[in-house]
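After this come two complexes, each holding chain A, first together with chain B and then together with chain C.
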Partner chain A sequence: MALVAAPEILSPYYRSLALAILADVALAVSWAFFSGPSRYLSLATGAFFGAGAYVTAIAGARLPWPLPVLGGALIGCAMALVVGALALRLRGPYFAVFTFGLAELAKHSLIWYETGVTGTVGRLILAPPGPWTLYYTVLCLAGLAVLTALLLRRSRWGYALAGIGADEERAETLGIDTTRVKIGTFALSAAFMGAVGAAMAPRWTYLDPQVFNPFVSFQTVIMALLGGATTVAGPIIGAVFLGLASEILLLKFRYFYMLGLGLTLIVVVLALPSGLSGLAARLRASPSPLPRPQP
Partner chain B sequence: MNPTLLVDIVVGGLITGGIYALVALGLNLQYGLMRVLNVAHGEFLMVGAYLTYSLHTAWGVNPLLTLLVTGPASFGAGLVLHRLLYARVLAAGEAPEALESRSLLLSFGLLFVLQNAALLIWSADLKGYSYLSIPFRFLGSVFPANRLVAAGVALAVSVAFYVFLKRSFTGKAIRALMQDPEGAQLAGINLSRVHGLCFGIGIAMSAVTGSLISMLFELTPFIGLPYTVTALVVVILGGLGNVVGSLLGGLILGLVETASVYLTASDIRLIASYGVLSLILILKPSGLFGR
Partner chain C sequence: MTMKRREFLTTSAGGAAALTVLRGKAWGQAKPVKVGYTLSGTGPYSVGAGITQGPNYTLWQEQVNAKGGLLVKGEGRRPIEFISIDDRSEHETAVRFYEKLMTDDKVDLILPPWGTAMNFAVAPVANKYGYPMLGPTAVSNKLKELSLPYFYALLAQPDPIMEAFVGLLKDLKAQGKISKIGLAYVNDLFGIELYNSATPHLKQAGLDVVDTKSYPLGAKDLSPILKGFKAAGADVFLGLTYPPDNILATTQAKEVDWNPAVFLTAVGTAFPFYRDRFKGADGVMGIAGWNPKVKIAGAREYFDAHVKKHQKEPDRWASAFAYASLQILERCVGEVGLDRKKIKEMLDSTEFQTVGGPIKFVKGMNVSTPGMVGQWQKGEFEILWPKSRATGTPVVPKPAWA
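Then we have the complex of A and B:
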């Protein structure tokens, strides 16, 4: 409720901070509901986000507001279907490398296309919707992402996905159509990412191919892992935590912040495999000091 | 096609390819042996390049002599990183896929740390110096002498490593571990020690390549990632764990890229690299000459 009423009482600065954090929540939650249980490490978030943003940049002025967001969702979904069909056969780090290459490939192809064919470098976003509209759009998306994650967890698809993460061959032997479950969930998460990209694009008045930013992919992964990728609350906690940290640190100490982010990732991987939410659960379970990570 | 253009492409391609081969060899050693996909590989190249730049501009050390600093220093750093980070993950004894994902995330963390540390130390401005940029004529074409020297050193190091792998006792242990980790350990080979050694050698190769590159191009803290991608393409092209494959793959990629730049007169280098990488991953995930 507080989040719905927020734009009424918040100053523009805090409204925009809340907007950024909600977008992070939507990204991290939709990343985690696919990659968390399935253990397929996707670094394609930046690609879907960028594609969505470009939908708003190209068609935003001609379509009434919620339509570009829908278009972003569709394009993200379509990209994921193609990429998923090609790449979800790859296991382990190959899938991660492939999806990481996707954002870079999209960026460089777009730069090449824009400079060679259309003769522009970037695009202006004309007639952006008002800040409140944006806020409620992103709030809806974040809410929908959380709802999807909750529903998915308790559904047959959710269990199937977890089965794939535990042992894909066994899941297949048990009669799960692994390809359909993987591609379907991947496309659903990509739809959210595209929609968030489309909804966040009006925040910049000028958009260039740099919006296909691998940093978006990494930040999403770090948020989800920091909070704990296999729970629903984890990615939300991680996104709020890092969203606030980046807001405070990013502008003043840009490089220190990014350096800290790298260290955070290393520490999380080494010492907190189940994230902050896992840590909280362990603390509740045992009042004794934490067991040291086994060297 | 006139003969001068052909010489331009072939020699230019071999020069680029020799450098690619050395970077790729380091990455392949790490992946082939430990299944650690080190995406921070190119960042060590970047750090090596900056070290040489700093030593040369601050104290006037000959760039080629700095290899004697960057090589051992990065080797030591590799040993420490292996001990602190990767050995812990590898010792956790999880399923191979979970292990590969975790070590991948670790190296992404390293990438962030190294790149931003470099930004703090050396700033984002272009840095460079001029060394041996005298023209060298060869069959009617002209090449800067520094490129020939850099490629020559890179190839020499690659070949030396190959001989080390084939002839020395340690090299034999490395090959044994690549073939059959359990059998090799039963024969008394210390897995963790060889892993650390290879991680160090891999990183030293990357840093040494960086020192060589600093003689040719201007530096920014962002030069690392494109080399990582190139090395990945070469490794996947040549097959994981295949040393000769990496050497040949590097030379082939160098030739293809140089030819595409000369013939299409536009910089589609990165698009081509990612395109080739995606295609190989989709068509033949085990690599062109893969096992």
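Then we have the complex of A and C:
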């Protein structure tokens, strides 16, 4: 409720901060509902996000909002179907490397297309929707991503995905159509990533192929792992924690924030292998045998 | 949870505000003029930001505060206080922080971030809140399409730059010093816009382009292109480059033993570190805008002050215009105060005298500064073209690589 009413009471800056964090929540949750249970480490987030952003850049002026967001979802989905059919036979690091290359491939294909066909690189988004429209769009996407993750967990489809993550051969032997389950979930997660890209693009007015940024892919993985990739709450906690921590460090310790962020990450990963949500679960489940620090 | 987060952030903001007050007290009675900006301290934009904008911002602040502060009409001198943040070379972060500066910190003035894409991202925000933004590192034909009344561009744009390039080449051809051009451009907005401007100008000037090649941003090997130009007998290398590929092309031209009569590249050539890296880079030409020898009042003093404060020279293209943008703001505030609407009116109607020469804006574009070509000669980047701005004459053919 507070998040729905937020734009009414927040200043533009805090609204933007909330918007950026919600976008990260949507990315991290949609990444985790595929990669968490299936254990396929995808680094394609940047590619789907960038493709979605480009949909807004190309079609945004002609289509009423939120159609570009829908377009972003479709293009992300379509890319994932093609890539999934090719790459989901790859296991472990090979899949990660392949998906990482996807963002570069998309970037250079786009440069080739833009220079060859349109004769320029870089596009302006001249009539962006208002900031509140963007905020609610991203809020909806984040909400939908969480809902999808929750439903998926409790469905046969979700169990099948977890089964694939535990042992793919066994899952196949048990009669699960592993290819369909993997590609389907991968495409669904990519649809969210494309939609988030499309929804965020109007913020920057100008877009060029550099929007296919590998950093987006890594950041998403870090947020999800930080919070705990196998739960629904984990990626949300990770995205909110990382978003707030980096913002505060950046504002207060301009020259040391990278150091601070790096140290925070190392500590969390070393101390909490199952992420921040794992910590919460552990505290709830059993009183720790170690003496708790006194407040 | 939302409440807690907000409380926490409000507390942080309160702390920052308290600090501001304390600092203001230290200056005496006058309340500081708050000037906000983001520059990239990390990420790909940090190199350019650290050469062209950052040093000029801090130099100007130090100089003005040494005089007792920024003269505000009707209020006397008030010290300048910067509120600056590292935008991490991320557009989203920059947009958000400018919103913070203008709506939360309520700064009096803003300075721009570094680079064309960043200016594109931030200019609409500045426009929305009515903050004049004078961009010294924004170069694109698309700036006009934006039509943001509060945005001002100081540098010569792609078309005037190409006019200068082709003007010089045409002159050299008329003297019989060159005949064939090999043209390479980086496949990014800037390179492509320069290329699109170059084609009609070259054709009109009757210059013979024997080969044209493009390459992606971040290319790691340009030697095949250079070898191709050499084999085609080109005696002009026209490289519409960014700094990394500029460095690469220069290094590799020497490696493939190609020393064309004219070696003309775009961004990066005017940086002093380019000269130092290539042992003087004697004879290399590039986009120019300024050097300490120009006959402009204050130019030499600016150069000396920059070297004294930062122990490094300003670059020979945009640095002086970054400083000029601050001089312009200073004059406006002195004459009309901190009312940003009045500042805008003054920006639209006045010709300013700066260390970069006279500057006059028409529809937000500086129409007084032409595109220029320079050449490294014995440690200085001499301006060769247009002749009205020249500080030296072309050395063609260029000397052998050092």
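The rule we apply is simple: the second predicted complex is superposed on the first by the 255 of 295 C-alpha atoms of A that agree within 3 Å, B and C clash if a C-alpha of one lies under 4 Å from a C-alpha of the other, contacts with A are read in each partner's own complex, and residues count from 1 in each chain.
Following the convention adopted for this analysis, a contact is a pair of C-beta atoms (placed from the backbone, for glycine too) under 8 Å apart; a residue touches a chain by one contact, two chains touch by 3 or more.
Bear in mind the structure is a predicted one, so any value in this text is a computation, not a measurement.
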Touch test for A:108: chain B only (first), chain C only (second), both, or neither? both
Would you sort A:120 into first (chain B), second (chain C), both or neither based on which partner it touches? second
Based on the superposed arrangement, let me know which partner A:221 touches: chain B (first), chain C (second), both, or neither? first
With the two complexes superposed on chain A, say which partner A:53 touches: chain B (first), chain C (second), both, or neither. neither
Identify the partner contact of A:248: answer first if only chain B is touched, second if only chain C is, both if each is, neither if none is. second
Thinking of the overlay built on chain A, is A:205 touched by chain B (first), by chain C (second), by both, or by neither? second
Touching A:96 in the superposition: chain B (first), chain C (second), both, neither? first
Quick check for you: in the superposed arrangement, does A:258 touch first (chain B), second (chain C), both or neither? both
Contact residues common to both interfaces of chain A (with chain B and with chain C): 108, 255, 258
What part of chain A is in contact with chain B in the complex they form? 39, 41, 86-87, 89-94, 96-98, 101-102, 104-105, 108-109, 112, 116, 218, 221, 225, 255-256, 258-259, 261-266, 269-270, 273, 293-295
Contacting residues of chain A [partner chain C, same complex]: 2-3, 6, 10-14, 16-17, 20, 108, 111, 115, 119-122, 124, 126, 128, 200, 203-206, 208, 210, 244, 248, 250-252, 254-255, 257-258
Flag every residue of chain C that touches chain A in the complex, lowest number first. 1-3, 5-6, 8-9, 12, 16, 41-42, 84-86, 88, 91-93, 95-97, 99-100, 103-104, 116-117, 120-121, 123-124, 140, 142, 145-146, 187-189, 192-193, 196, 214, 216-217
In the complex, chain B residues that touch chain A: 37, 39, 85, 87-89, 91-92, 96-98, 100-102, 104-106, 108-117, 119-120, 229, 232, 266, 268, 270-271, 274-275, 277-278, 281-282, 285
